[in-house]
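Chain IDs A, B, C and D follow the sequence of writing; residue 1 opens each chain.
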Amino acid sequence: MSMRGVLRIGEVRIRVMDMAAAREHYGARMGLHEVMEDDKGLVYYKPWDDHEHHSFILREADAPGVDYVAFRVYDDATLSQLAPRIEAFGLPVTHIEAGVYPRSGRRIQFVAPSGHVMQLYAEKELTGNTLGYRNPGAIPYEGVVRGYRVNRLDHVLLGGPNIDECARLFCEVFDFDLSEKIVEAESEMSLGVFLTCSTKPHDIAFQLQAEPNRFHHVSFLLESVGDLYKAADLIGKYRIPVEVPPNRHGVTRGATIYFFDPSGNRNEVFAEGYVHYPDTPTLIWDTNDLGHLGFTHDNHMRQSFFDVLT
Amino acid sequence: MSMRGVLRIGEVRIRVMDMAAAREHYGARMGLHEVMEDDKGLVYYKPWDDHEHHSFILREADAPGVDYVAFRVYDDATLSQLAPRIEAFGLPVTHIEAGVYPRSGRRIQFVAPSGHVMQLYAEKELTGNTLGYRNPGAIPYEGVVRGYRVNRLDHVLLGGPNIDECARLFCEVFDFDLSEKIVEAESEMSLGVFLTCSTKPHDIAFQLQAEPNRFHHVSFLLESVGDLYKAADLIGKYRIPVEVPPNRHGVTRGATIYFFDPSGNRNEVFAEGYVHYPDTPTLIWDTNDLGHLGFTHDNHMRQSFFDVLT
Amino acid sequence: MSMRGVLRIGEVRIRVMDMAAAREHYGARMGLHEVMEDDKGLVYYKPWDDHEHHSFILREADAPGVDYVAFRVYDDATLSQLAPRIEAFGLPVTHIEAGVYPRSGRRIQFVAPSGHVMQLYAEKELTGNTLGYRNPGAIPYEGVVRGYRVNRLDHVLLGGPNIDECARLFCEVFDFDLSEKIVEAESEMSLGVFLTCSTKPHDIAFQLQAEPNRFHHVSFLLESVGDLYKAADLIGKYRIPVEVPPNRHGVTRGATIYFFDPSGNRNEVFAEGYVHYPDTPTLIWDTNDLGHLGFTHDNHMRQSFFDVLT
Amino acid sequence: MSMRGVLRIGEVRIRVMDMAAAREHYGARMGLHEVMEDDKGLVYYKPWDDHEHHSFILREADAPGVDYVAFRVYDDATLSQLAPRIEAFGLPVTHIEAGVYPRSGRRIQFVAPSGHVMQLYAEKELTGNTLGYRNPGAIPYEGVVRGYRVNRLDHVLLGGPNIDECARLFCEVFDFDLSEKIVEAESEMSLGVFLTCSTKPHDIAFQLQAEPNRFHHVSFLLESVGDLYKAADLIGKYRIPVEVPPNRHGVTRGATIYFFDPSGNRNEVFAEGYVHYPDTPTLIWDTNDLGHLGFTHDNHMRQSFFDVLT
């Protein structure tokens, strides 16, 4: 009980078309820590305050998009319990041995109703956040927190069909809560579902798209709006393509910037947002208030937010 | 799984010696919302972003201190499961019928090894945060967030003996995690234990004290360090007794201010702090680094922090 | 020497088409303090930290725009010295007796080469900022700083022809410095000139427009980016038309929001920006970098910024 | 007129007892830019956003303290006008040829009534802030703003006798304004005078001390309270002796941290504070409100603030 079962998104692997450009973007500029390049050329990153060995992976490919999202679960027993529950939901499960993914224990894999490959794992090497675990102090030495001052991997938004089925999967099988939902005003058809397994407003979200397995964005957590503004200053200085400069979401209440990596994958940096608990009713937004649910500072939804995915 | 079991501290009741002065302090100045006075003269408050009817209660009495801490659990089935687990741990459980506590369902009550009365409940009237649950928007109208701009009740620190037993109770029975621990450097004796059932650094903490049932402080969550500074400006303007003006904890990494209500109960306002997960090892601090674990900005522990409790 | 001569823009009077709507906008929402309505129906405002009786005035009229901009000078002797200097520059000067403008001493008036009516005055009733001048404390009581938490009237941007002549007027006659200039990249023709008589990046600026006497915006100073974000939250909640949500100017380095009053007059709230001194060379921006000089967070100049004036 | 005459403190030279330790403190940790070491071993620094070649100088010596404070004036004509005014005030003036101080034009020097050596100069090499003067952009590349993120040299507080005479000197000869004054409550004797030649709350201040030529602190400007908190985090991590962690002054309204360099010289980092104009009456504080005028967050004056100078 309490924080058990599925803990968080522990790993996202995306595709980039030019690894050198991607390293410039995610490493030199954003300030993620590159921790490893494996023998297949995959490059492994972590924001400084993620404790596992890595949480974000780049693979060079012909097209951008997401390869898979992997959830860290509490322990191996949780993995064993979840596998049959996923199958009972109707989704085939693949078992992957320990070591196939570097520094990681065994994994189970399935394809969500939205077409996305998802994994669960209970073990990955713990390398810490540079502070250690005895008299750690509050902050790392200067230079560890760098670039856009990202603290942690936060969440992903994925595009695909069957998003109500995705919500049902996460709620019924993984005990997530549906924190927010966007619906078409007249039909009440779901256009977006936001799911949390923590006190964050969301750990994963799905946007309705006709085509399966689409990638909307990966989001990184910053400490404050002050840091978000400093990130915006740097993003602008680097002339990075920006979809939405500093604004605030209605959904999640988070302060946000959206921008694109050199391959066209959307990134977000994110701060604030409310504290969610499972006894809070789902917040429902409808398309009558589309501007405000998206971006409350100018009440203006960007069409690209629905059209541009990788 | 995920966020289930015990969710959070849903209610703290403390004793004040002068209700009018306390109302000035918690209502007019701090900006908590007074939602009810009952027929026994108890006064009920909530920070604006707590969704339940109330979360903080004042009772006029001859001496300050804490009456009880009540935890909100996921559902009634959780209550039924926890009662025998508490008894198996060796603590007698009292059952309290719905309605004895206003707007609340049934409760179970026990006394922690530290001597504090604790309760669990699964139902309390939900009144929301003024935004509603359909197209809520991101922020309330001006004046709803007021005074020190407290968002939520966050945590309590209690003083008493047997704090390792308290930690074992919360970890074994309630599935909390021990996020941090302060130990005497040579003996490794526990001086403070910090326990979380969420991604917060702590939901409850215990400080070693010879005398049972002591109250150290109740803490309220602010949105940012900017808001913390504004709160400090107001606290100073009102000439409220301040133990520690703006600083940062080593433990929890939180930005903090400590001050006292007119009856001598310690309050904290709190912002930032890291994101905790159950797979993060417990952070251990020892008394060789007492200044830094307490207050990293000047590395100076205040003796009153150990001596002044109510 | 030091801060002498022209001190600041002490007063801006603009036209609104619906006084009730304007009061809602500037008073109830923005939080300016209404200090007086005169017998002609003019409504007088001040941000809380302006010390003079008023600094911003609304006049109901058939069309929006600016009536005049009035500069506070150091003393009456300064007024006497400046009148012949203005005339020597080639601009006729009108003398206005004390009391014609309420709470104000005598004024001198001229029309700038851009077509704008400008005044100078040395005396206006000083009413202070609520803190007093003996043991004032640092901040006023809660509620004095309200709405978008505007501290002071900051600057205006005016549109018209002959902006190099305006720059020459302010530099030669009033000892302002040309802090920044925007030029057409090939012709080096001036498109914008930014002039300061203080350590602020600008006190007044002119944008090249074919038509004289155009009003671009009046800007109000906030204390921090944190306050700017809170202002953006409120502006968005009120569904006020926003031209540019939180961003940062290249020119002036200021954090900014642009929005419109109900009559279509543009407002800005503004924070940060560099500290200017007269020995800093003029910063020159050209149209090759139009996006960045305007809005560095997304490097995107808004066309309305040149087309929409009142 | 406007910003003319004396512009600012352009240079402060202090004594340190261990240059290596001082370099660690001011360079590696605080993040000032070391721009030169001269052939006598003096080390020259500047915060990134000061445009002149240097603004802060260290000299190794047997005892800490201040060597001199040098003011930048508008132009050479100003220098020529000020020399006789200083002499008319009764202070002998020494003329120093161009080149005696590196990168600097001629200087005039005098000793203030408080016993401090002061200089005026009109020319020093301008090296800029890394951004250039054509299409400069808003912020420098990452790493230029570093350490405690100091933007500029801001002001000094000096200790000595005859502080009313110092105030008269600066007001009558240099056209500064007396922005604030601290007086003994019964006698109205001046204990502190705060003087400004800009819109800052003070450019220089004097604290009454029996012994002449004492150094209280040099202060550096930060951009925001958010940056001040980050500076406090680093200062605490480095275990630098801190006199006052983050707080807010009553006098000047500035957010502040006081700490000491390895030789015992006091430093301040500073943010916010009000905008001063010459027509604002002098703020008077008396010793009845000593805690609040010093540090409003806890209303507690530190005795060391009067006793510890170098």
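Here is the rule we use: a residue touches a chain if its C-beta (ideal position, glycine included) is under 8 Å from a C-beta of that chain, and two chains touch if they have at least 3 such contacts.
Because the structure is a prediction, the values reported are computed rather than measured.
Asks: Going by the touch criterion stated earlier, list every chain that contacts subunit B and also contacts subunit C.
Replies: A, D
Asks: Among the chains, which is located farthest from subunit D on the basis of C-alpha centroids?
Replies: A
Asks: How many angstrom between the C-alpha centroids of subunit B and subunit A?
Replies: Between these chains, centre-to-centre, one finds 30 Å.
Asks: Roughly how far is subunit B from subunit D, centre to centre by C-alpha average, rounded to an integer in Å?
Replies: About 43 Å, centre to centre.
Asks: Any idea how many Å lie between the Cα centroids of subunit A and subunit D?
Replies: One centre to the other, that is 47 Å.
Asks: Mind pulling the residue numbers of subunit D that touch at least two other chains?
Replies: In subunit D, residues 137-139, 224-226, 233, 236-237, 248, 292, 296 touch at least two other chains, as defined above.
Asks: Can you check the complex and tell me which residues of subunit C touch subunit B?
Replies: 137-139, 141-142, 146-147, 224, 226-227, 233-234, 236-237
Asks: Which residues, counting only subunit C, touch subunit D once they are in their complex?
Replies: Those in contact with subunit D are residues 1-8, 49, 51-52, 72, 74, 78, 126, 133-139, 151-152, 174-177, 196-200, 221, 223-226, 248-250, 253, 272, 274-275, 277-286, 288-289, 292-293, 296.
Asks: Going by the contact rule set out above, which residues of subunit A touch subunit C in the complex?
Replies: Touching subunit C: residues 225-226, 229, 232-233, 235-237, 239, 242, 245-248, 255, 257, 292, 295-300 of subunit A.
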